[in-house]
């Protein structure tokens, strides 16, 4: 754990992380004279809002706030690492609507519904989540390109878990 | 408990109170844009230092800091109420140097060593504190006038308990 | 199966989720907590080996959703589901689904849950097992002549209830034989008019009663009892204080109750921890079976404290198909235990629940004191679930010591930021009536009423 | 006296002060805490019925000052003083002063404390009571011929210690008879030169030993024992983990130890709770009396948890002149208990004590878990006193369950802001050697040494 003040990239990563998670509503971080405050709407939205706080340039010297760098890690859901991926402004997160098993393809051996780089439209099926043999198709809901797939085939996924990232067209 | 910002008299009373107690080293109080900070030396001194913080004029409106007004009361020693009396700048507190019994007079029926209004010099005996039949004379150590006697004859007193207030000549 | 469980999905929240996690840890079982979004910051989520979000805060889409729970169990590959109490713990359909999906369930079979959950069926089973039930009709009676015959046998005072009624509607107490025919005719015709069904239940009306229950545990072959719990201190049928042993039983009654409970379990082929509930008639000094709870109960620690037996561990052991490994002689009741259910409710305001943030929590401690709770400093009580924030259980060498210790522990307990029932528990425990042990289910209501009519504040201001 | 104490001055701090306050509250005794300025913000000050500052933080002018303590007792008019452990608890002069001032003392008489505090006198009393002591000389021997005769009787290996030496100086282990005369002559002449006194003590040198002690309680007439505690897991003669029962005793040895302890108490006319300490020779499977502690001990909860007997309450009862009211048959040892002393020390840094502010404290909870501690969130450990911040005591139906529960509880314990020995306790409890029960007093040192030589970090990073 670094005790130096965070640089601009680290602050950006924290903002991205806060955007990606579902359980962070507010985050405040003070590091010497660098202050970061993030507040989000209640509704977990797939479309990320622009980062509301622009970090000030890192100060040359700063009193160490010992707990600050640890906060994001502690606040993270105990259940599932939210992957290190940061979400850009035009990226949409696809989440599991129920706890179950993730399937990348319609049946074993068949090609995957989508791969990274594939273009999708709103009703493109991205994957299946199985709940007690009931197979639910998960659709893209936006038009764009699959940029990241965050889970493995046949992996257990919890309610709200990020499955894929889609970069919207436009 | 009042939720209005303190006025100048109340702030003064808090400073006085902090001066009177033995267990307050630092006290900080923020009430909207009124900020009060007091810091004292380690050595419990019978001679009060001038109040180190001059309170700013009370602001017209201020966010309520809910815990602030309660703080002085909570910080008070569990053992002994420090009496409501505030100490003026030229007043000296005489404290019990040991746990024991306070005697106002040299023996039962005899006149008290001192009464309120009496003038004392440095070696005037003010009272006796008895520890297991050993009678210790408590002397004034300053020249002045007895202005308050804070304990009753034959009362148990704990270590450091305020016994009398003497107003210094000058 | 016949081998220890290796992993368990805990489909519950709060203190009971924590209780099961602790038992799993001590047994080396992987604990997977199924939690809702409303509990993401809770202590059980922090302490479980793994935590899986199964749905939103609303219980019907998470803790009460059989598909969400079973899906989590299948996806995360656990050996069995521990349901705790409440939620799905006595839901026969859920258990049938577990059986269909071949997911283990820490509890009895769906069939046993269904049979014991049906009040009339349970009463029939009890009678077959030779267990006394409240004198009265077994089922609903639609014929006036039959109803008259049953009523005449039951004795006075008796209670007539419209079978299609409920919530206090269509009920009448009959004090003497003189008014029986008239009352019966009237209530049946009223029921016909109001509900389109004249059927009634008839049973002895008991006025001076205690609530006494027997803790049982069975592996399907060996049925043991862990003595009784006395839950007479209730408010509006909600248990407030439970204790063991009961202050009113003698050895013979105690033995009779325990044997009745064991006979019932044997009759139905019971397997799991369970509670057989009785009313105890103070006047006749006799007892009647009321119902059976086919799950672990809130107040199980009371029996653990006097027996030294860890009921949750035994549940898990039995669910793995292992035998209990104890005989009735191994169960020795020592001393006395009292439990207070601490709720985030305001006794001054008709016990209105008050969720909120706990600014400071300090658990009481020391010898004989156990506080089962999921709260901690900084925890926000979510508004979605019940108001119980913990259980204080104190053991003493005898009832007097248990009461003194409970009072001492209640004094130490600090829950700042929300209003709790802790001061109300102190009030009850300090009454001469509670100390004497001589009270009935009306005691708490009478205490509240006396204070109201005396114009006294219910409680002194206190933290 | 012969009537219950009404008020007690507690002349101690930390968890033991809180322990005594709790016992007083449960007995309806007014608790007056004598505290130093260093403890003004401590939990015992908050929880005592009354708190009296008796002096500055430095213990010699407060907790260790007989006049300050007795003066407080007289001024605040209490019936008796409870000394806790440490400080004035075994100070015969202090107790004599209490007797002179007619202030009650929760403990034995000054005379008994003085006699049992004198190692040679205590050994003589033990021999008179028929209690085995480590073979060797009773007192110092100045004559070479006498020393030679005693040494020849003691057996090998034996230890020669210069009477005027100490701290490891002037000691020699003699392995065989061949070198005895030479070693003895040398060490006596060295002692003559170094200390001006050739006198030596001679005793059997025991290498493979356990520390086992018997808890006793006596009202001056009835002497009871509460079984043994095994305190073999030590580091530099500091107890780390205590348990009861001992994993190595059979029924016969257990009975022998208990009877020896009771005989010793009867011989000296003991009154109060006390501990009779023995070394247990693993090789010969025999035991020798070492010393008696004439006070309550840190590890007393271990015996409370397996016996259900509240030792502090019994101390207070006896100090009021009341009889114990129990017989030996009433003392039933059930299950197994383990205590871990949690210190604010850094195991990675040679156990250096680290006072500081506790930013978060979370006590472990649940069935069978007791944490006796005065710490809380926001508490600052003062630098003036010892580093123990609490004791975790866990009960289980057997040793395996007690170990599993202790590990589970240690996992739950959170003490943020300071470094504690909790992870080190986990490490010890997880060793196969501790689980087997087959170890001796060198076990902890060997564990530390093995890790050092393997170049491993002593501990994984952990909270």
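Which chain is which? They are A, B, C and D, in the order written, and residues in each are numbered from 1.
Everything that follows uses one rule, which is that a residue touches a chain if its C-beta (ideal position, glycine included) is under 8 Å from a C-beta of that chain, and two chains touch if they have at least 3 such contacts.
Being a predicted model, the structure only gives us computed values, none of them experimental.
Peer 1: Would you mind checking which chain's C-alpha centre is most distant from the centre of subunit C?
Peer 2: B
Peer 1: So what's the Cα centroid distance for subunit B and subunit D, whole Å?
Peer 2: Roughly 43 Å, centre to centre.
Peer 1: Approximately how many whole Å separate the CA-defined centres of subunit A and subunit B?
Peer 2: 59
Peer 1: Give me the residues of subunit B that touch two or more other chains.
Peer 2: Not one residue of subunit B touches more than one other chain, so the list is empty.
Peer 1: Testing understanding: with touching defined as stated, what is the shape of the graph linking the protein chains, line, ring, star, complete or other?
Peer 2: Topology of touching chains reads as a line.
Peer 1: State which pairs of chains touch, listing all of them.
Peer 2: Applying the touch criterion to every chain pair yields A-C, B-D, C-D.
Peer 1: Across the complex, what residues on subunit B touch subunit D?
Peer 2: 22-23, 77-80, 98-101, 130-132, 156-161
Peer 1: Subunit D touches which residues of subunit C in the complex?
Peer 2: 18-19, 22, 25-28, 47, 301, 304-305, 308-310, 332, 334-335, 360, 362-363, 365-373, 376-377, 395, 397, 401, 404-405, 408, 411-412
Peer 1: In their shared complex, at which residues does subunit D touch subunit B?
Peer 2: Subunit D reaches subunit B through residues 34-35, 37, 40, 45-46, 50-56, 62, 67-68, 70-72, 74-77, 97, 101.
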